[in-house]
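In the two assemblies presented below, chain A is common to both, partnered first by chain B and then by chain C.
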Partner chain A sequence: MVISTEILGIKNALAERKELKAKKCSKKGKVKYPNPAFFKAKTNMDWKKQADNLKEVAGIFVEMFKEADHKAFWKLQLDRTKNDLERCALEFKQAREMSPEELKEVFLYGEKTLGKLYRKGDMATVRREWRGLADTAYDFKEWLKIWGMLLGTFSKDLIPALNSTFHYRWMISYFCCIGFLDKNTMGQKGSALRMSHLMTYDIFRYTAENLVFLAKCDEKNGNSHELNKKVVLFDEMTMGQLMGGFPDLLGIPYQLLPVFLVSELDQLTCIPYIDAVESFGLPADTCPVPSSECGALVVDALPHMGTCFLSSSMPCDGSVMASSYMSRRFPDLPVYHLTFPVRYEYEETTADAVEDIKGCIKFVEEQTGAKWNWDTYFEQIKRFNAETAYELQKWEVNKTDYPQIIGPSYELFRKWNYEMDGGADPRIMKTFGKVNDIMMKAYERREEAWVGKMRYRGIVWSCPAHYYANFSNWLANCWGVNVLVEMESLNFTKMLETEDKEEAFMDLARLYERMVMRRHTNGGYHNVVDELWKQVEDWRIDIIIMYQHVACKNMATLQGILDDQARDKNYNMIWIEHDLMDPRTVSRKSMREKVNEYMRTVMKAEPVDATLLDFDDELSM
Partner chain B sequence: MNKILKFAGKTVGALAAAYAGLFLVFYFDLDGKLLYYVVEPTLIKHYDRMERRDPLAVPYEQIERDYM
Partner chain C sequence: MKDLKHLIYFESLLDNADNELVEQAKKDGKKIIGYTCFHIPEVLLNVDDCVSVRLRAPRTGSVDIATYYMSNYTCEFARALVERAIEGGFQFLDALAGVDACSMMNRFYEHFEMLKCNTNEKCFTTHLDVPYKTEEFSYNQMQKQLEKRLLSRLHETYGVDISDKAIRKAVKEHNEVCKIMTEIGDMRKEDNPVITGYEYHVLNVVTYTCPKYLILPYLKETLEELKKREPDEKPAFRARVGIVGSEIDDPDFTKMIEESGARVVFDRYCFGSTPGREVIELSTKEPALPQIVRHYMNACECARYMADSKVEQRRKTADRLAKEYKADGIIYEQMKYCDFWGFERALVTHVMAEEYGWPILSIDRLYNAKGSGQLRTRFQAFVESLEIKKIQKGGKV
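Take a look at the complex of A and B:
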């Protein structure tokens, strides 16, 4: 009795000290993010079910081992090893044929041809790129760091996270995320490589932390009632600024991890979802975003969690469709539909959007018992404004003759850690600062972002292909086309109000109405056609990479107009068809072929790296 | 003293070996190969077999609320 009282006393004292420490940190502005209590929330796992699941996995391992054609398996491994050795011998021979100066150049500054890293029918690359002594050592260090971060984050609640791997097909794609990093940084060296690593680290950390939360909350896994009470789900295309006013709640973009973000990591992820929903009669020419979201529901690939769901009409009616479907499939999850006016340039519609935001806040308060907090909202928005300033600085540098921050890592970081995160995570500010320092120093030294590959200034317009998120990397490495900016980044850059409450709502509405993709593809002719020509002039663009998302009805209406006007203005515009999340309609190889043809026939250009003209990556992630 | 030097030597040797081993894993993408060729095919077989909740069995209705 005495002992238990003493233990209780110690426990209370420790809790008080912790609380005091947290308050002190909070006063100094050093708030831990995400709230450590979210990771520590108690889970209510059905151990028997999880054990059955594990038993099944173990059974499959044994069965596979018994059923496997071991002879064929080892023959394949032997063939691969032989092929690897032949490649090593060939590379060794090539090295011997080099002059000492050439050899020194490769050793110190890296290899020049990258197509040899791919092998037909393989999912993984043959080996990683040799970037030169210093940059390979740096790449290796960052590889270790990312594996450490991923393992450390999953260890914050390992069992639900592991169980998630045995439940959800999409989880395995995240395990292969380092391969995605390699593809995004291929050919990069020096400052460009360092900036890409910094940004990718944050993307992966954001992903890993949210994966742990999904696993903890999911009814099938962690089933944490304690955490679920604090979780507000919102549509993957809704930015997170709104959650700034609810500091005690955890906002999670619901379909982001099982569908949207993972489709950028792994081109094959969404195929089972699309097939599932199309087998129920959905036409195959529907946009793969809502198709995949609905398909994920059909195959039960979404965790069952949270107190409520905020759906939205962002960026287009596709989201409305998927949200309605979702609310019917999880009838126990209350849904609020945020439907902002599309005609956002008419200021009188902003008041309607504000009413919608107020309704949404009321809904969250009723569902969770939390209260809207203006102080924390303004604090987050101040951070978001500072991030916007950094973003504008990047644009200024990229507009010069010495653009510094280009490539897929920048595009993805902007989307996930700046716009979608909306200033929630204070750690992102540090990354912005570090990247800015590296960028400015590189600019002062007049460095080339892609060494020896800076031939054309490019812009990407319209919705990009998710299954080829590193397309801009290939453009630079193969043809020297450097994508300086893309349509999706040219959104609302006005500094948001941080004092007047009513005006703050107005600004938030304006921001949401002009969010990623919505501003252009749903804004009508002026915002997507005239705007393109304006940007082409501003950024002094040589080549327009014009994506044609074959299932986007909005953009399809403007194709002929864009084509005619580009011809009249004598701009180089390459139309590249794709089906957003379905690589079977237009493969990555077909996308590359469009560029190859244009560059050969119209530009009469020679490739920077001919080994990248034609290679097979249909099976790789 | 000798013992300390020996221990330090062994530690440095072990660290160097670990570093070299990890570098080989990194350079030849052995982590990717393990995940792509062993872990993924096994788990895919498991995912294909799993019994899953049938969301289509849930009544198709929407709850109407007014928060405006």
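Take a look at the complex of A and C:
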């Protein structure tokens, strides 16, 4: 009884402190993001249905267990254990053979060869990387911090969140998120590692929060009527800035988490969806992004939720008709099609795009009962402008002889911030500030972003595959090719209007028209061909990593012109075929081989880390 | 049935993009405007002394050079046009009226410019931005684009009269062709039609690729001939089918289906007549241009239109045509690598079969499909399945 009262007392004190803090925040005009009420919204789970589902899942597990070749399984475990022991013995032996100076170097500054971290048939690396004492300790601290954040976030409504794993196979892949972080920071140390961690943390937090919302809203799962009334779904290829004018609503890029982002964590996730939609009749030559989205709809792998859906024609032809699959699966979900002019540089079309935006706002108002709020919109856009200014600062630093912020974490952060966050989350500003401080200090100290691996200045062009294949990271670690910038980062950098309402709409339209990918692949060949040569000069590029996404018609139809002009200009351009989240078309190994061959035969170069030239990661995430 | 008097002549007109009637028009001082897509109103390309030619690449062999430029995973129609352009096959054009509707065809226009495939000093290419849906502002957008990017340029470059009067005159001539083609097309509704799908396909493609004023006399004569034509005593087909889908400019494709035992009774594809050969009704209450824009945008059945209302319209149109033309089944086809039709075809084949109850054959095909044994087998199998269905329903075969 006494204990209970004490607990109650602590609880009350905590609640009072929380309330006080919230009041202080609201006095200062600060609003908590995301709205805590969204997490608190009541769920309406149908427990009987959950029990039925659990029974079904358990049945599948039992069947799998029965069908499994247990002998082979245990043999594999034994072999792996043996292999682990042998590896440990070898590493110990190598350490003993080192001179004290070499040993000290490894102990303080990390291991030099990374290929040994991969093992054929494994989904993850055999162990985490040793980055040197200080950086490994930092890395571990951040690892703990991320786990803490993930647990904290999922605890906000744990049951539906965890229950998602029994409904959707893509949810399982999120358990590998730390592996994704390790992969993206492989070889990074010092300031570069710190910046990568800061940026990845924000993306992970956004993902975790939205996964909770998806679980709470999903009719099959949390089924929160209260939250669903507030949810506006939008196509993952539609930017999020529009939601700034609806502070009481929750905008969710619908397919981002179940399809797109998860495929970057685990390239094998979407294969069943691609197969499903191809069996349904979709030709195999279409882009795997809309194909996977449609496939997920075909096999009912997307949550049923929200009040309405904002579809879009962006970024390319493949995405256009994907929305009809959505209407087919969820006929009760009202849809608005945002369709921006393709020839976006024709200024006379901007007014039409504005009409479309106004129509979209009206639609959201009608569907949700919410009202467009200019104040909150301008507030968000001011933040977005400040973030753009930080971004431009990064570009300036990277254009110098001492680029600082490179690698997949930065590339992903830029894309996510520009496209999804768009200034919505005030917490991101802090990250921008911190990253900027670290970057500027590192620049003043003339640090190497990839220590000892800064050989070539690279640019990535066309539809990028580096997250799936961890490619820009591998380029740096294996060959010293440092990707300073990628096509998808180089988007609209105009400061958006934050006072005049009509002009603000015009700017918003211009921004949307120049979304990731679309900015270059639409509106005429000059946006992607001439623009490349301009960027190559601006960034003083040595090597162009030209991704050749086999299913991207917008880019495939320019390959001859790009080739002709690169030859005329005497640029080093490496064509790398890939098929985004479908590694069966082009494996990661084949992609790496293209670079290896070019570097050996054309550049006559020696690798920085020869152990990364050839390794088997067919099954790894 | 007795052969049509001008059929061989019509077929010969389809052997080249710059056929003898196009050459004749050029000699008559006409401006030849090439185009490839329904999204640009054909009638506006026939204003004043302009003549429209819907571009094709007949007798295409290798597309190797175009494949170098555009890769082998892209629309073969677009590649065939690039190849033909590089070969100099479109040198006769005075302008190319392009629309940025699909990425691959857009790149054809761009290659036409970049590779300087036409050396006429005044020849220009347009890149119109066309809407994805049919809202009020979309009609205005289209109108503005046509005024600024097409009509004004025709006027500035060649002094073309783009007045309302000139546009109405073009519509009148266009409607003459449409009336004839509609009348001929309606003959396919008969139980034992006096025209084959192949013949109609030839006639229809001719109307797209030849100057209207030069082809009209032949069309009129053919119409009269058809009115008197006696059908075969026993129909030479075992099933009636309609075709729905993307671009088909090769009547031999229709011929292959008919050789497999079917009669093609309606043509709901690009280069087809539904839409394409409807009369444009103009009122005098407002200028012609906005009315033309609405006509084309409303009639358009392109899978690029993504709004749900348009998706529904496409399904209903296919259903209506199949009923009107008494089809036994529908063939959904797409040019291989066409993204719009790729997504549309996969879904709509299920919808039309499950919700509308139509037997469906779903295929993708290359630009040059007439030699495909695989397709022929599929057509034959489809005809057989339609026959079996008829038997099961107690009908006669």
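The rule is short, and it goes like this: the second predicted complex is superposed on the first by the 571 of 621 C-alpha atoms of A that agree within 3 Å, B and C clash if a C-alpha of one lies under 4 Å from a C-alpha of the other, contacts with A are read in each partner's own complex, and residues count from 1 in each chain.
One rule holds for everything that comes next: a contact is a pair of C-beta atoms (placed from the backbone, for glycine too) under 8 Å apart; a residue touches a chain by one contact, two chains touch by 3 or more.
Everything numeric in this text was worked out from a predicted model, so none of it was measured.
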- Message: Quick check on the superposed pair: does A:W143 touch chain B, chain C, both, or neither? Answer first, second, both or neither.
- Response: first
- Considering only the touch criterion stated at the top, classify A:E597 as touching first (chain B), second (chain C), both, or neither. neither
- Message: Taking the superposition on A as described, I'd like to know which of chain B and chain C A:T557 touches: first, second, both or neither.
- Response: second
- Message: By the touch definition at the top of the document, which applies to A:R329: first (chain B), second (chain C), both, or neither?
- Response: first
- Query: Given the touch rule stated above, what does A:G359 touch, chain B (first), chain C (second), both, or neither?
  - Reply: both
- Answer with first, second, both or neither: which of chain B and chain C does A:D79 touch in the superposed model? neither
- Query: Regarding the shared-chain residue A:T349, is it in contact with chain B (first), chain C (second), both, or neither?
  - Reply: second
- Task: Pick one for A:E503: touches chain B only (first), chain C only (second), both, or neither.
- Result: neither
- Message: According to the stated criteria, A:M64 is in contact with first (chain B), second (chain C), both, or neither; which is it?
- Response: first
- Message: Residues of chain A that sit at the chain B interface in one complex and at the chain C interface in the other, please.
- Response: 324, 327-328, 335, 355-356, 359
- Note on the structure: The answer for chain A against chain C in the complex is residues 277, 280-283, 285-287, 290, 294, 311, 313, 316-318, 320-325, 327-328, 335, 337, 339, 341-343, 346, 348-349, 352, 355-356, 359, 521-525, 548, 550-551, 553-554, 556-561
- Message: Residue numbers of chain A touching chain B in their complex, please.
- Response: 53, 56-57, 60-61, 64, 84, 122-128, 136, 140, 143-144, 147, 165-169, 172, 175-176, 178-179, 182, 297-300, 324, 327-331, 334-336, 355-356, 359-360, 362-363, 366, 621
- Note on the structure: Touching chain A in the complex, chain B uses residues 22-23, 26-29, 31-33, 35-37, 39-47, 49-50, 52-56, 58-63, 65, 67-68
- Message: Taking the touch rule as given, give the residues of chain C at its contact with chain A in the complex, in rising order.
- Response: 68-71, 73-75, 78, 100, 102-104, 107, 110-111, 114, 127-133, 135, 137-138, 140-141, 144-145, 148-149, 303-304, 306-308, 311, 334, 336-337, 339-340, 342-347, 349-351, 362, 364
